[in-house]
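First chain A sits with chain B, and in the next complex the same chain sits with chain C.
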Partner chain A sequence: MKEKTNYIGHKVNRLDAIEKVTGEIKYMSDLYFPDMLYGKILRSKYPHALIRRIETSKAKAVEGVHAVITWEDVPGFNGFGIATPDQPVLSKDHIRYIGEAVAAVAAKSEEIAEKACALIEVEYEELPIVDNPIDALKENAPKIHENGNLCLHTEIKRGNIEKGFQESALIVENTYYTGRQEHAFLETEGGVAHIDTDGTLVIQVGSQYPQRDQLQLARCLGINPQKIRVISYPVGGAFGGKDELTIQPILALLTLKTGKPVKMVLSREESIISYWKRHPFIMHYKTGIDKEGKIVAQEVKIYEDKGAYSSLGGPVLNLAVEHACGPYRVENVHIDGYAAFTNNGVCGAFRGFGVPQVTFAMETQMDIISEKLGIDPIRLRKINALQKGDTTPIGNKLTTSVGTLKVLESIEECNLWKRRNELSTQDPKKPWIKRGVGLALTYQGTGLGVGLPDYGGAKLELREDGGFTVKIGTVDYGQGILTAYAQIVAETMRCPIEKVKVTLGDTALTADCGPTSASRGVYTGGKASIIAAEEMIQLMKNVAAPLLQASADFIDYDNGFMFLKGEPLRKVSYKEIANKFIDDGKPLPETEGYFLMPIADIEIKNAFGLPHHIFAFSAHVAYVEVNTLTGETRVLQGAEAVDGGVVINKQGYEGQVEGGFVMGLGYALMEDVIIDRGQFKNVNFSTYIIPTVKDTPFHIESIPVINPEDTGPFKAKGIAETVMVATAPAITNAIYRATGTRLYRIPATPEYVYKRLKEVENEKAHKGH
Partner chain B sequence: MRLKEVNINFTLNKENYSLSVPSNMTLLQIIRDVLHLTGTKCGCEKGECGACTVIMNGVSVNACLVIAAQVDGSSITTIEGIGNALNLHPIQKAFVEEGAVQCGFCTPGMIVSAYYLLNKNPSASDDEIREGLSGNLCRCTGYLKIIEAVKKAEKELNEIKR
Partner chain C sequence: MKEINYLSASNTEDALSLLSGFGENAKIIAGGTDILVRLKDNVIKEDTLIDISGVRELKGIYEDKDIIHILPLTTHTDIIESPVICKHLPILRDAVKSIGSPQIRNRGTIGGNIANASPAGDSIPALYVLSAYVRVKSREKERMVSINEFYKGPGQTVLDSNEMIVDIVIPHMKEQEIGFFRKVGQRNAISIAIANVAVKLEVSGENRFSNASVAFGALAPTVLRAKLIENALLNEVCDSPEKLLYISKLSEREVSPITDIRGSASYRIEMSTNILYEGLLLMFLKGWKR
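Presenting the complex of A and B:
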């Protein structure tokens, strides 16, 4: 590799930005077909019930209705779910949450479809509700699934926990609660299904993994996956919420039933009620520390509110178990995690995947310890920081790049942290306004982990114009992989980036690259592209050799040309090489690159996906202002030092840091889908509040910590999740620094902060007496 | 069950339209479902997210909150009327260069709001920019690069005027 790069590490504008700023790009919900019908789903009225009878005749009789379908119309397996397919496409007899799909209609217009839905008669028998994960696991709890309410139990023990606590100088024990965050992607679940001229069923719905959708759909529909084409790029935001299937199976059924294109786009309300959320956790933490500040024992109990169906709730619990002790050396651990079914909607994948919850708890524990022992927060973390060669709390040896110390050293030098004491002031004119700076540290695995199929794939085509098209099955839903792939191909092929086209997320055209999740997009697709590109270079050298009258071994290449080593003027352009293929009557070459993700040295029985092998690390700082009269918190500034290996695109890196920080701000202060007795209470943007431009900090400093990961493409890792994960505890720790009030629950709404401020005031008053 | 239709005449991106549409249709549905101009996005249908922001009679509105009869006699500009790939408006150009776009779904509405803001107030301060964009939600970017883009466009627009 050349020392100087043309594209890697530079600020490169998104290649799809122009068609996005002009509104020309077509999202799946922007598609219209001639003679298209509109689909509508009838969802359950009750959070937990038996279905006694479904009567569709009145709905079918409505003029303009082309199909009304129920469970009887599902030709294949009536179930979906990435980890365990226990969620019915259309429910037959047992309703487990209020948004559950019961029937669906395809009609000439949305209004007719809606009217027909209202005419479907469903007789329910209500069942008692399970509304929290601790009650769900009690012996006398109503059973949500046949085998009870335990979705998954993962327990990891290492060392001697009792001995660890005996040796501790300080034991900190607390219970933490986290909210039910909604993805709030701006484009709701939507798209069109149609049957192509050759009989292929084409599904165009925003998704994170078209190849897996194809397989799940084939299973539901009882048809050959080869007869199904899934296209899922571009997507108007996903964040994990479009990893699992959403409306696709129902849309497919309606299209197969009517033979016509069917479109469906969920309303915001239906989107919030029906599909995935971040799992709320209840966590008991007990941490033992010796007098030097070394963590000697930690006991963690996690209760995950799974909601009604499995989806990815098991793997989410496992990731939480893996990351429960933070990026710290802890020899004596006992982590006990339970995912329990409830009637609280459905939860699934969401940026961070179980790690934001445990990071809130762990980093609050660290802040408490730091204060109690009088050790600086960064020094405390450095004392305990995992380093390369260390064994993680769950027992695997870290042999890849570890940036814990580096991100701490970088954040220590940032302005916000250096000035934390002068910034932690009270406004003399408004003494009720208090300010403080807080810190948190986290890490996040890149990739799926041990035991899951984890690979990258890319196809690379030489075009007639001498440019290249790279075809990868992952999806750009905003994070910027499309541009990163183009940079990687342009850098490897040594051609102008304008010559690289990227095709994403289409089962008919692109290589299966696994899911666009787990911070793995750049790593997997990028590395596979390099493998495909290296083969392409060899094929092109072989064709260039006779043209240059030299052996392929003596050919070098740069800037879109192949030339004789040391004689750059004896050259042929990539276009001339492409034309040579054509002149010789050969097809233009398409190479493929595949690889398996490197995995950890151990396997953990019954804990799928654990451990991870490659990690990104980040340290977050927040500067807040708390109005102690109202409990309102304003985040004034933020900073993040992130070790994601080598940065591929500066612009994309900053975009991830800023966007991740603000999503974390929402998680910390405002976001929680409230479900009361199975009923959703805040299902639109005037009641479920996400950060607006007025909530965003004045400045977020993004500090890249370049810590090369040798296995990664151009030594990169993935940062998409870690950038949001530690923001919440950085903010709540800052609130503590500002007010002296410790928070054990997020979101830290004004109501909760105010209540805690009063509680602490009362405690102090009592002590004073 | 078919609703009474209304006849409406209006100008959209400087072209005249004469349509007969169901009276309960919204301007957003007219733009997307009837005219298939899909740059204007639908994110909530309640005026809460701003993805459908358009200019109507010189004022920025949520197209999902305007019903068909109100459209009659009006003049409307959508994102398609602000610029195109060959002729980007300075705001669009700044969004590209500053990295103010990620998934892009909020982008057209955000740009229309910025366009209205800078027309109305060519020297908008940071606070005024934040106020002007506060009706447009973005879930990807954290907004800072959007603010930077609007500031950059503001500067450029003022230089053009000089």
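Presenting the complex of A and C:
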């Protein structure tokens, strides 16, 4: 790597900005095919029921209807799910949540399809509902799945927990609750399936991993995966909500059945009811600390509301277990996690993947400890901070870059934190308005962890014009990897970024790079691109050598030219090299880069995916004001110091920090899909509340903490998740600083904050008497 | 979404004759910010829409001596931007500013907000305390209805199926009159009220008032006037925060809210007290001056 970079670490405009801003880009929901049909899914009326009978004849008789399908029309395995394929494509006999797909129609228009759906007769027998994970695990609970309601139990014990608590000077014990957050991507699940001229089934639906969609679809459809092409980019937002399959298998079945292109775009309401959410957690935390503020022991019990089907609920639980103690040294731990099936819709992957939940609990514990022991919040965290060479609470040794102290040192210097005492006051003119500054720390594994295949892949093609096309299976769903990949290729190939084209998310064109998830996109695709580029350089040098009448070893390259070392005027352009391939009758070269993610030193029995090996770290600060008459909270300012290794794109970094902070703000204060007895209560944006621009802080400071990770592409790690994870506890800790009221539940809606303010006031009054 | 007949009226007479022709089967659409959502949700029972958004004569704000006329197709944005409203009806301006988002305020109309009859409609409590009158017209007759008597229940008004709103008539606030609008919602914009309140007071002496109007929204089946509070404000010397809190607590006897997705009944009751108290306290701290 050259010391001075052309692109890495610079502010580079998104290459897809113009086409997105002008609306020129065609998302899958925008596609139209001649003679296209419209699909519609009939979903269960009940959250838990048996299907007695499905009658489709009336629906089939409607003019304009081309197909009505039920479970009987699923030719392959009637199930999908990344970890365990226990969710039916179309339900046969047992309904486990209210949005479950029972039948589907393809018709000439959406209206006809809707009308036909209404004519499908389904006879149900209602079953008793399981509506929370603790009840789900009781002996007499109605069984949602044949084997009961336990989706996964993961337990980790290290050290001696009893002894640890005996040695503690202070024990803090609390129960925490977190909400069911919706991804709220702009583009709902939508797209088109059609059959290509060569008989290939082409599925164009925005998703996070085309190759895995292809395999899951092949299993459902009972056809050779090579006969299925999945195009999963562009995507109008995902945040984890398009990691699992959604409408793809039903769209595929309708297309195979009718032989025609079929389109489906879900309404917001159907999207919210039918697919993934962030798992709500109930967490019991017991933390023992010695006089100096060192955490001696921690016991954690987690109940994850899995919803009706597995999807990624098991891995989410495991990541929560891994991160339950925060980025701290804890020798004596007992973490006991349960993922339990309920009839509360379905939950799955969501930015942070179990870590936002436990971080809310852990960082509230830390704030309570800091106050009780009178130790400054940053100092308390520094005392306990994991450092390189340390053993994590679950037992693996940290050998990669660890930024715990660095992010704490950076955030300590930010303006908000330095001024926290003068900022934490009440409004002089309105004494019922109270202000406070709060802090939280977190970390997040990059990649999938031990025991799961985790690799990066990229193909790189030299084009006739001397430019390059890099082809990677991950997708850009807004996080900016398209631009990051182009920067990495341009930097490695030493050519102008305008010469780099990026092709993403297409099983027919792009290398399998694993899922676009787990903060791994830049790391995996970026590193694979470098490997492919280095091979490309060698191939090009070999062609340039005779042109420059020199050995390949004496050739250097820069700015789109190869030249003789020390004699930059004896040069050939990349375009001339490309033409040489053509003149010689050879195909233009395409190189491939593949590598396996480095993994941790140990494996944890019965906890697949644990531990992780590479981590990003971040410290978040929030400045809030609370109206104690109403419980309304405004976040006035925010700051984040993030260690994501070397920053690839400064602009992308800032965008991630700001976007992550605001998503965390929504999680902290307002977002929760409310399900009552299995029924969804807020299924659109008039009742499911997300932050508007008027709810976002005036300023969010992003402080890059450059902490190079030697294994990463240009020493980068991934920041996409950590940037949102610690925002909620930073906000709730700030509310405490402002009001002296501790919050144990998010979202901290005005009503909940007000209720807690009154409770605390009553407690104080009680003590006073 | 069901299929629906769409008719467009080019003037008031045209609209009224269409309305009398279709009667209960027709619904008027102006800005559409409520109707289109309800149409999508399949909860519109009428099968004909009469679009009056092109009726120019029903749009605008004008003054007639110390009376302000707001024609029903005036958008929320028009109201916010009007210097006349800003000067003479600041309570209405503040209430309208809290409606929806810029997009919704650009489309939505004052007439629509009134006719939609949501118990949580933000402009309505302000119109209550400003003693607004609604002029309604059918092909046969015309009448003036006090906003206080306009509502029968949630979504229900005294409008006959052949009538429509043609004018909103509001007297200027007097120089010695002050007031405020306050809402508590789930967020700072595009937020339906959990509770809202509008207050108008006529200052007659030190901490004393010769007129008091208080109206709550989202706290009963319709917007309501808080008579106990009004009487207390008239008869008491409002010379301390404690007194204001005491008076504000009377709201518990005035409101009858429900529990819904936005808030519980008990929270709403406490908010009725606290947002009233907060607003009164702010005015008290300013010395009861505008």
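Operating definition for what follows: the second predicted complex is superposed on the first by the 769 of 769 C-alpha atoms of A that agree within 3 Å, B and C clash if a C-alpha of one lies under 4 Å from a C-alpha of the other, contacts with A are read in each partner's own complex, and residues count from 1 in each chain.
The working rule: a residue touches a chain if its C-beta (ideal position, glycine included) is under 8 Å from a C-beta of that chain, and two chains touch if they have at least 3 such contacts.
Here the structure is a predicted model, which is why all the values come from computation and not from measurement.
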Scan A:E751 for contacts with chain B and chain C and give back first, second, both or neither.
second
Greater chain A contact set [chain C / chain B]:
B
Examine A:K694 and indicate which partner it touches, taking first as chain B and second as chain C; both and neither are also allowed.
both
Of the partners chain B and chain C, which touch A:K430 in the superposed model: first, second, both, neither?
second
Between chain B (first) and chain C (second), which, if any, makes contact with A:S686: first, second, both or neither?
both
Figure out whether A:A349 sits in contact with chain B (first) or chain C (second), or with both, or with neither.
neither
Just checking: does A:I674 make contact with chain B only, chain C only, both, or neither of them? Give me first, second, both or neither.
second
Where does A:E632 make contact in the superposed view: on chain B (first), on chain C (second), on both, or on neither?
second
Check chain A for residues that touch chain B in one structure and chain C in the other, and list them.
111, 686, 691-694
Which residues of chain A touch chain B once you look at their complex with the stated criterion?
11, 13-14, 16-27, 29-30, 32, 111-112, 115, 183-188, 234-239, 265, 267-268, 477-480, 651-652, 654-655, 658-663, 684-686, 690-694, 696-697, 699-700
Applying the document's contact rule, which stretches of chain C touch chain A when the two form their complex?
1, 3, 37, 101, 184, 186-192, 194, 261-264, 267, 270-271, 274-275, 277-278, 282, 285
Chain A residues within the chain C interface of the complex:
111, 429-430, 432, 627, 629-630, 632, 634, 670, 674, 681-682, 686-687, 689, 691-695, 749-751, 754-755
Touch list for chain B against partner chain A, complex
1, 32-33, 36-46, 48-49, 51, 78-80, 83-85, 88, 92-93, 95-97, 99, 101-108, 111, 130-131, 133-134, 136-147
